[in-house]
């Protein structure tokens, strides 16, 4: 674990206060990516047919609602609220959905409206340079023949799905929008496994360090891992509910066949939550190891001090005795006193002390 | 975090004992704002129509029950129980509701009566001067065409809604009392986000201090944060239930359309509870960091003591030896003994000790 | 908090083993109040009619079952099992109920029998002299026109209700036995608030002490508070269930109107449980503060020791050096050596050490 | 608490591995009581009729199935698997039941088969000599007119019930097998109260010791109590489920009247579980007291060391100074230097130090 | 507990990231056993008929679907994905099942498809040489007359069942595939008991060591046990759900008779989970004992230091006093000063100190 790693990489602070008091349905982007350009791509496909378009003007997209093809409109950037509003009008999306799409601190959730389904997920990015775990929001609006996805930044998590579409994978090109939705959710859930693996590696590395030589950095790293796991749990826990809702969705958007696949993702989400819980247990266990390692270290230090003091303090007293200036001090005159009386007794005392320490297992 | 901040800002002490033994339905204000003036405002509106009145005489308000307009009566101050009683009679409110309105330590709750709905929420105020988190009670009585709200102090949390009403916002002016109720609940819930953000900032600031140099103030501040979060959880947890009850309310006061909005507030309340739980986890995690920082500090102190003692105690003994007054003490007479025998040996010992400490990683 | 307060005021020890192996339905009082006199009072009322009688002979009470008035028979003392048995026969109470009434370690519970309802609650008494929190059992047997209450000692918790009956309060005098039952339950629940307030005050006082100067008494008081809260939770937690059962009771004893009042008590019971949980959280939080205060204190002590040792041990060595008796010891002869060489160097060392400690924030 | 008490009295180790891989229905006794004799007693009764027989040959017991009397066959010893098998054939018991009866590590459970009910409970024995808490298994097979009970050792827990049967107690002699089953379950549950009372006394005794003078034995005893409570909870927790199943049993073996009694035992089982949880909370609380007592003790030791060192180390330095042999050492010659300069200054320093320690509350 | 035991035997790290982004249904083995040979055995039986074949060519196995015998195909090795794919085609297994079979990090789960049931379990191996607890995945595909099992390595856990089949055990040879499925699940669950027993023994051994003399290895072993229990819980907890699903399976594969046996396994799984939880509680309890043992040890060390220092530091001061070189130093000349004044006072002081320490219980 590199020491340069920032101590507070995770900022789950809620910036939603900026919105407090506004009328519902007011679109306001609350994140920090205000300057990036917004890129809108449209994937249209059905069996052999496939078209990838970069949308510059999002005024006339209503046609997609009645298109015989499956349309996947993916929007990279949610800070241009006018754009979101325009797309919303084209697909007659409820104002509250639009508000949630731009309000980038949503808890993952599922909502079914009359004409479409809306759900939010969160993805995690582990920035290798700053060593920070950031997280952003992905919104899905799912109709019977279209999907809209909204990411805060260009969402690379979908690259694999895009490739499969481009390469003409049988299954995905011949299925309906529900299967594409599944594929996208699956891509997001798979990305969690990568983050978890990274955290797992961190845990293993820390474990070694803590046992051998606990440092101040270890406790900070433990705390950071704990925070990251708290954040991940908070963001992934509601996923189970979302998938459960999708599995019991009644609008008929999801076919029975796709349900089987969704059930698989559902299992994965439970596995992820299980793993997060296990990791949390392990991190807490490591904290106990850390604290007892500190205690052991202190014990070690104290023993050294006590051994040195216990041996030399009585000897120093002895030397002090023979350094006294009494006029009537018979021992001083004896010839054998210095070599035998003093050194002999001193060595005997040292030997006796060492024997005691040995027996007490202090050495 | 300013040090002057009071140590016990939160007083969840239950003063309800003053009421113990009274007959049910007895109105008794149990708070401390006994002297403030009570201000009653009436907002009447419907589409284009809008009227804001300051009510001086609350005797004849029954007319509002049959008014074609929506009436919002907001009472700032619940300590004048006769007033509450009068209003209660006007709107034929159940005595138990009136008791709960004046009894300012209610747990948030929802109750449906035959002719109206009653629910209580709590709001938090963070006093910047005294740095205390206080909380007070807001009661809502909701009929098909009226809302009564009762605050302990002038409740600024509704200012935004009042402004929207005054400015003639379409949505709110054209909707029924249910939408106004939603708007008011939303305003309260939004105010929680602001408090949470403040607590979040406090947590981040504390986190820095604890890692660098843990002080006695830090543990007190951690404890204060913990208390505040306990208090907030206690006050906000029941909110979920209230909103759930409203979502499944069968009196027909809430229209299907407003339900969609209520669901949104419900999601927010869950998000707030999630955040409180995460913060609690973080504060507990910081406590572990704090305790291990203390241990680390103690280790540091002990090492300094041990290094100094271990080096100088043996040397002092040596100096003591050569300070002895034995008559037969051959080393004393040797010329090279002082520079080489004493200082040479001393430096050797010091060097050896430092080498040992270095190897043990104590330096 | 007075120091004389007994360390083990709460004795939740289960004395029920005395009963082990007995046939069910065997009446045996398991408490310690064996000598007190048993007082039986009868309150008969209905509208204007009111009569308070002291029952001396409990043989012929069957008449009350068919009386047109509401009868409230309150028994202060459950150690005379023959008496309980007699009353049981008069009201044809199930033997298991009688067993539970005398067996004074019941967990609060609710049971419905064919002809009556039986429920047990526990009340707490805070003895100001011995500073102990004791708790005793109150049993209720509720029929359509009578209530029997059984206390271990004269139960002052009902004094307010008795006064209201005597004074002829409209509501209670004109209602049925269900409303009286509500009033009695309400009186018990209100008494919990008083105990909780006392505990809350204790918590606040302890909090101050722990932060300023943690003593051995503090940890004992914390432990006592924890025990009291454990006991209270154990006794009050089941109350929720009882009230819930009463709210869904189907024998028709409780009228729809009284149900509204019962719901209010139900809310209070939830509030009490919430408060107990919050207090427990706070007490556990204070324990952490206490432990870290101890650590801080130890750190303080260690620093003093280390500062003194680190300054004087090297100086003592120096003094020892110049106290050596070497014949060839040039420094001894130098005139400036004592004032400049010794004291100058010593002061320099002290200054340097103080500077180091200052920089390490130890001073 | 006697110190000789064994440190590991509770052995919840699972010896079931000996059975791993065997075909289901294989009878194998996994306990250690292999040599004791097996005693089979038969109690036949109905109203006035009562017969107690010692069964030597268990080949022909089928007659009991059609007997007009209630038969209670109690088997003391489950290590002779052939015997169990024979009895099983007589009463046509499912092989899996027989397997469970001899497999003495069952978790308490309830199973209903076509012709009988099977349930397992565990009883605890506190051996006063070895001070160990052991536990063994009691199996019940319950038919409409017979009960079979299987204990590992002679189960004295049923002695009271046997006595009641012999003495001809009305209730039990006139009831069906369901009431006998209740009486036996009640006897087992009552035996839990005795163990809990013993544990409660241990807790109280420990509590005193920990506060006054925490010793190494205390922490071991705390740990032993914790283990015993874990074991008890593990064995008693499933009891609730069993009793709940019996209360909702549909085979009609339990009459409505006996159900009332069962409900009473059910309440007792909940009370026991509550008490176990409270005791666990208390034991954990005592651990915190213990740890802080240790810290306090350490603080005490450190203070003594620091006071002594802080007073005498500077004085020793002073004495060292005047013990130096400088030729030019003016103070040495001054007459008043020894009494006033040295002792006066020393006493001043001691006084100042004591004043400081007093003010710091260290004395 | 041997000290050579590896510190990190358990690696619950999730290697599934290698799969992230792949299309669903893509078979990819993610484990490390890539080189071992895959062995496929077929057991065909029905009453007297029994045949054991080693399958070399898995192309034509469709016949088994319509065979009058029960077929058990057991595959030892899942890294040859082509092989798995072939078998999958023969038995028309859903691609998602095949994906899960090869993806060796599945959480135990149950899925029912139209023509078969699929469930995954995990088994644990305790490698005596490396002292590591590894775990691998066993997949079951269950049709009405066939079972497929897939292990990562040759799964010795089934050896007993194979033997019973070979020896012609009545029950298993005359039952359907559902009973075989039960026997296999039972074998897996029985193997858990063996691991738990090993862990239980480890816990007991550790317990002794921790109380007598806590070492650094103990805390590491405690941590290892905790990790192993976390891993086991994670793998066994979902088993309950699987068995519950099987018990309520509606495809009719499981006969009512086998259900009785399944219920037994279900009880075992609950018992295992209970035991894991108890062990976790014990391990956490031992951690507290460990920490307090460390504290006790430190106290011991500190006492030794304090006793030595408190006795000898004042004496050294005294010796220093009489070593001073004052010219006017009357005590020096007195004859009785050395033997009585110095040694007498010194012994008195030592005696007084020892008396004090005795009274403080430090000796």
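So that you can tell them apart, the chains are marked A, B, C, D and E in the order they are listed, and the count of residues begins at 1 in each.
The criterion applied here is as follows: a residue touches a chain if its C-beta (ideal position, glycine included) is under 8 Å from a C-beta of that chain, and two chains touch if they have at least 3 such contacts.
Keep in mind it's a predicted model, so treat the numbers as computed, not measured.
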item: Labels of chains that are neighbours to subunit B and to subunit C; value: none
item: Type of subunit C:subunit D copy interface by residue overlap (half), same or different; value: different
item: Intercentroid distance (Cα basis), subunit E paired with subunit B, Å; value: 42
item: Geometric centre distance via CA averages, subunit E-subunit D, whole Å; value: 26
item: Sites on subunit D at which at least two other chains make contact; value: 291, 295, 298, 302, 305, 309, 313, 316, 320, 323-325, 329
item: Ring walk, subunit A to subunit E and onward; value: A, E, D, C, B
item: Subunit B partner contacts - residues on subunit C that touch it in the complex; value: 159-160, 164, 169, 171-172, 182-183, 186-187, 190-191, 193-194, 196-197, 200-201, 204, 207-208, 211, 260-261, 263-264, 267, 270-271, 274-275, 277-278, 281-282, 285-286, 288-289, 291-293, 295-296, 298-299, 302-303, 305-306, 309-310, 313-314, 316-317, 320-321, 323-329, 361-362
item: Touching residues on subunit D, where the partner in the complex is subunit E; value: 7-8, 11-17, 19-25, 94, 96, 100, 105-107, 109, 111, 113, 213, 216, 219-220, 223, 226-227, 230-231, 234, 287, 290-291, 294-295, 297-298, 301-302, 304-305, 308-309, 312-313, 315-316, 319-320, 322-325, 329, 332-335, 337-338, 342
